[in-house]
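Read from first to last, the chains carry the letters A, B, C and D; within each, the first residue is number 1.
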Amino acid sequence: MEKTIDQACRSLKDELGKDKEWRPNIIAFLCNWCSYAGADLAGTSRLKYNSNVRLIRVPCSGKVDPLFILRAFADGADGVLVSGCHPGDCHYSTGNYFARRKFALLKRLLEFCGLDERRIHFSWVSAAEGGKWSKVVNETVEAVHKAGPFKGLEPHEGSDKGDKDE
Amino acid sequence: MDTLISKKDLDRIIDSIVETCQVFAPVNQEGIKLFQEIQSKDQIIWADGNCHRSVKEIFFPITEPIFFYKKTRLGVKIDPIQNHNKKRVLIGIRPCDAFALYVMDQVFTWDYNDELYLALRKNTVIIGLSCVRPEPFCFCTATNISPFEERGSDILLTDLGNGMYHSRIITEKGTAFTERFKKYFKEITPEQELKKEALANTVISKMPAPFPIADIKSWLDRNFGHPIWEELGLGCIGCGTCTYLCPTCHCFDLTDENRGYSGQRRRNWDSCAFDHFTKMAAHQPRTFQWQRFRQRVMHKFKYYMDKFSHLACVGCGRCRALCPVGKDIYQVIRAIQKETNCQNQNLKGAKKGK
Amino acid sequence: MRARIKVIRMNEIKAKLKALLKNAELDLVIGYGERKIPTSDGSEITGICPLFVTRESGIDGLVWNRHCVHNLVTYLTKKEYKDYKKIAIFVKPCDLKAIYVLCQENQIDRQRLLIIGLACNGMIREKMGISTKELAGKCITCRESSEGAVARCQKEHTDLMIESTPEGSIPSSSEKKALTLEDLEKMSGADRWAFWQKQFQKCLRCYACRAVCPLCYCEQCVCDMSQPQWIEKSPHLKGNFLFHLVRAFHLTGRCIGCGECERVCPMGLPLTLLNQKMIKEVKDLYDYESGKDPEQAPVLSQFRVDDDESFIK
Amino acid sequence: MNHIYQPSLMRIESIKEEAPDVKTFRLVFLDPVLRQTFHFQAGQFGEFSVFGEGEATFCIASSPTWQGFIECSVKMAGKVTQALHRMDVGEVLGFRGPYGNHFPMKQMENKDLIFVAGGIGIAPLRSLIWNCLGSRDRFGKITILYGARSVADLVYKDELDTWEKRHDIHFTKTVDPGGETEDWNGRIGFVPLVMRDLELDPRNAYAIVCGPPIMIKFTIQGLDAMGFKPDKIITTLEMKMKCGLGKCGRCNIGHIYVCKDGPVFTFADIQALPAEF
């Protein structure tokens, strides 16, 4: 999974890197049963929404480990969106309830460390809410755009001369 | 060739070299004394006591990239790191840390020269500062060196207390440095010389007695399986504090960090206290923590002696002070010394009995 | 063996332990022992360190004084001590809570333990191995939290109890903790980010915080895994940030604030701030306190339908 | 700045599937000068880098007499080996070496040689066997006993056949009980047991043993019982390695560094070591 996240950040950065002006680079973790279907519906009904998002499908929002989110930020994402089924609709009946507690605590831990709260978003999007999905994505990109590029985790000068990207 | 230099002149020298090259000295960083690069002379803390972390990190950094690579369709392109050729001066290093570098040079020049370490060593002038008031946990005299040890430093300063420093040149680098600042180094009068010798003797006389290194080594040669090791190592929790603060611990790990199609190989410190230090797919030779504790003591007081005829312990006392559970290598060696004594008695007894 | 002998003195405890050791009802006693540390000028200072006693003769070495700052519960989950059948362990109130969490997580069998509670009102701080006059960092935070609850839970769940607090005056907590949770929360996000970046850059990855933590008992830590390699092994900012945040999150709802991680950090990182924050959040969000009761379900393995979801779009 | 931890680049020329989890890689130096000047001796090893995954220690399985390339046989086990098994012909990987000591060819001259190998342990011996066959007359009687868990696990199958056909080699192959197939013509049984049936003459002979630690232990016991002197039994030891040249401090057994003083040891050396491996 950690290679998928790295590849997602990579491919998005390459594609966004082409135009001069910076655009946010967002990684979204979508639960396979509701949110992914919702995003699919948004696509089939030709809804326009911001394109600098890379989706990673997970079986359930409960499967989204805080490590995925931390790894996404470490690999260069500017923002992370996690979306799952509405409480009660979960295909595995309780996955999103456990996820809700994890996300609540993770959000506060990251804010305590100083990560801008506009960079991390959670949402419930059901399979029928194509419209809500495009709204959620646009809001997220808007918020991350205000937060600016995430320069947080470049290794500092002392220990090494910076990550030598392409 | 000994000379005398006043504190003011020393400050003038530091001011002039700060522009031309990197100068490292003990600096207070949020209550912890560390060797850091300084911009001006007032940052330096001349007071007694060693730095929290040893000076080895200036030559053998905690983590450093050793090369960068890029994977392309045609293959892999390696681009090396820049040369370590910046001129550097290290001031205020304690004799035990300086001697530790001298000890570590042996392993980094054993058959293969570790250019990463040696280049930094070559370009650095080391101005040692002998210890007039050792710290409570120091035991350098026990490992056959002294608070006035000269090996390892290029120039050794000794604070004579009256604002003057006795300065002794030890290596060519030291002569070159003194030559460059000839006007600051004054002629030394014989009674200043005597004052320094007297100071040295008083300090050393109060320090712990030397370990019987030969006896200890011969005991260690024969007692790898001795039950005392399990007792001595009981309680060690396997953190890396003692090895990372130790001036002579040189074990490292090479790992790759990949980002897409490019990345770097890094060299990081590693510790024999960790479980994955020797863990292999097939088996793990050191399963219990006391076996790793034994490895550290054996390596410093036997294996290094076997290979390089030097103790790999300079008695700086950092591991004694900062072990979270109070493990103490000095008391371990004294315990082994007691073992050697009673073993000698048995031998003597056996002789008499024959 | 569940004799509930409550209020007795240290020497009575020693006599009891000797008896138990003699007729093999006890295999190991983990307590605090004194050791004479020879210093460079020939004098000796007394230092306290964990003491492991398997024979009667060793029992006299046990002490209880102002320097018994270590949390001995960390040894209960280590490989070397797992095959002792019956263990007696000395615990202060802050250490005792770690045993509850371990029981909650089925890591240790309560029947195997003879818990000897120690009434504690503050330990002395050690700086570079030398005792200072001030209160230990973790005791400052402990004193602020409800002292009553600590004493109450100690009475119920220990087998033996030493009621007398250690001799010597209670060290003054003159030196207020350099930085408290409230100071950090008042800071702006950007300042907090800069603060934590500076702290994480100092970390050496010596893993002393993980080795000493009673609740960090994983056979192979996620930070040591290479397949998949989630966290870089190198102690640069990115690797340290991931290591400390993953550890803080893995302790969320479990950490009992024993403060050992901050005590042992050779670089003086304020690690308990991360854990204190999460203790506060867990209390505030789910009204849950870790280490209060060995039978309650851990906070992240249960949920309520009306949990807060105001932050979810 | 070039330094001793910087690998030289090699291209994979061919990959041979030896067993379900073992592949043999034939590698050629990219640098033409190195292609000529590189030489090594049987028993030495190298550090092979898969960029992005790390480095791993493998013995050089090709014979020093073969020019222009080296071969290494890799069993899939951890991170680097799995990455290696995913690579295909033409890709580039790094190599540092040769490191460590080598089999004592001089002392083995005009002596009988007995090779006992188990599983992937045959890789270092294969290098030595082909090296000896290169100048066959310098040595006495050559006996090869090779065993593996099952027929599919046998490595270098075609070379085993050529050795079997040669009349100047006493070749025996075996598989562990239960690992045989219908048309299996070799022996069935564990290597140390099958070894007892071969009449091995300890006088004027060297036994070279390589394989999993459990097999080495019992084989050496068998050889001991047959009267082989400890200094006439040669084996290789395996410890975790990172630098491969004595600096990173992790491959020591007692004061011996397996990467510098080994990996080839006589049983007499091993008896002098503390029982730590």
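The rule we apply is simple: contacts are C-beta pairs under 8 Å (C-beta built on N, C-alpha and C of every residue); 3 or more make two chains touch, one makes a residue touch a chain.
Here the structure is a predicted model, which means the values were calculated and not measured.
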Higher-contact pair (C-beta pairs counted), C-D versus B-D: B-D
Distance from the mean Cα position of subunit D to that of subunit A, given in whole angstrom: 49
Gap in Å, rounded to a whole number, between the CA centres of subunit D and subunit B: 39
Centre-of-Cα separation between subunit C and subunit A, whole angstrom: 36
Overlap residues in subunit A, where contacts from two or more other chains coincide: 159-160
Shared interface positions of subunit D, touching two or more other chains: 54, 78
Contacts with two or more other chains, residues of subunit C listed in rising order: 229, 234-236
Pairs of chains in contact (touch as defined earlier), listed by label: A-B, A-C, B-C, B-D, C-D
Residue ranges of subunit D in contact with subunit C within the complex: 54, 78-79, 82
Of all residues in subunit A, those that touch subunit B in their complex: 6-7, 10, 75, 159-161, 163-166
List of subunit D residues in touch with subunit B within their complex: 1-7, 9, 11, 30, 49, 51-55, 77-78, 91-94, 212-213, 238-240, 242-243, 245-255, 257, 260, 274-277
Contacting residues of subunit C [partner subunit D, same complex]: 226-227, 229
Parts of subunit A lying in touch with subunit C, wherever the complex brings them together: 1-3, 66-67, 70-71, 74, 87, 94, 97-98, 100-117, 121-124, 136, 139, 152-156, 158-160
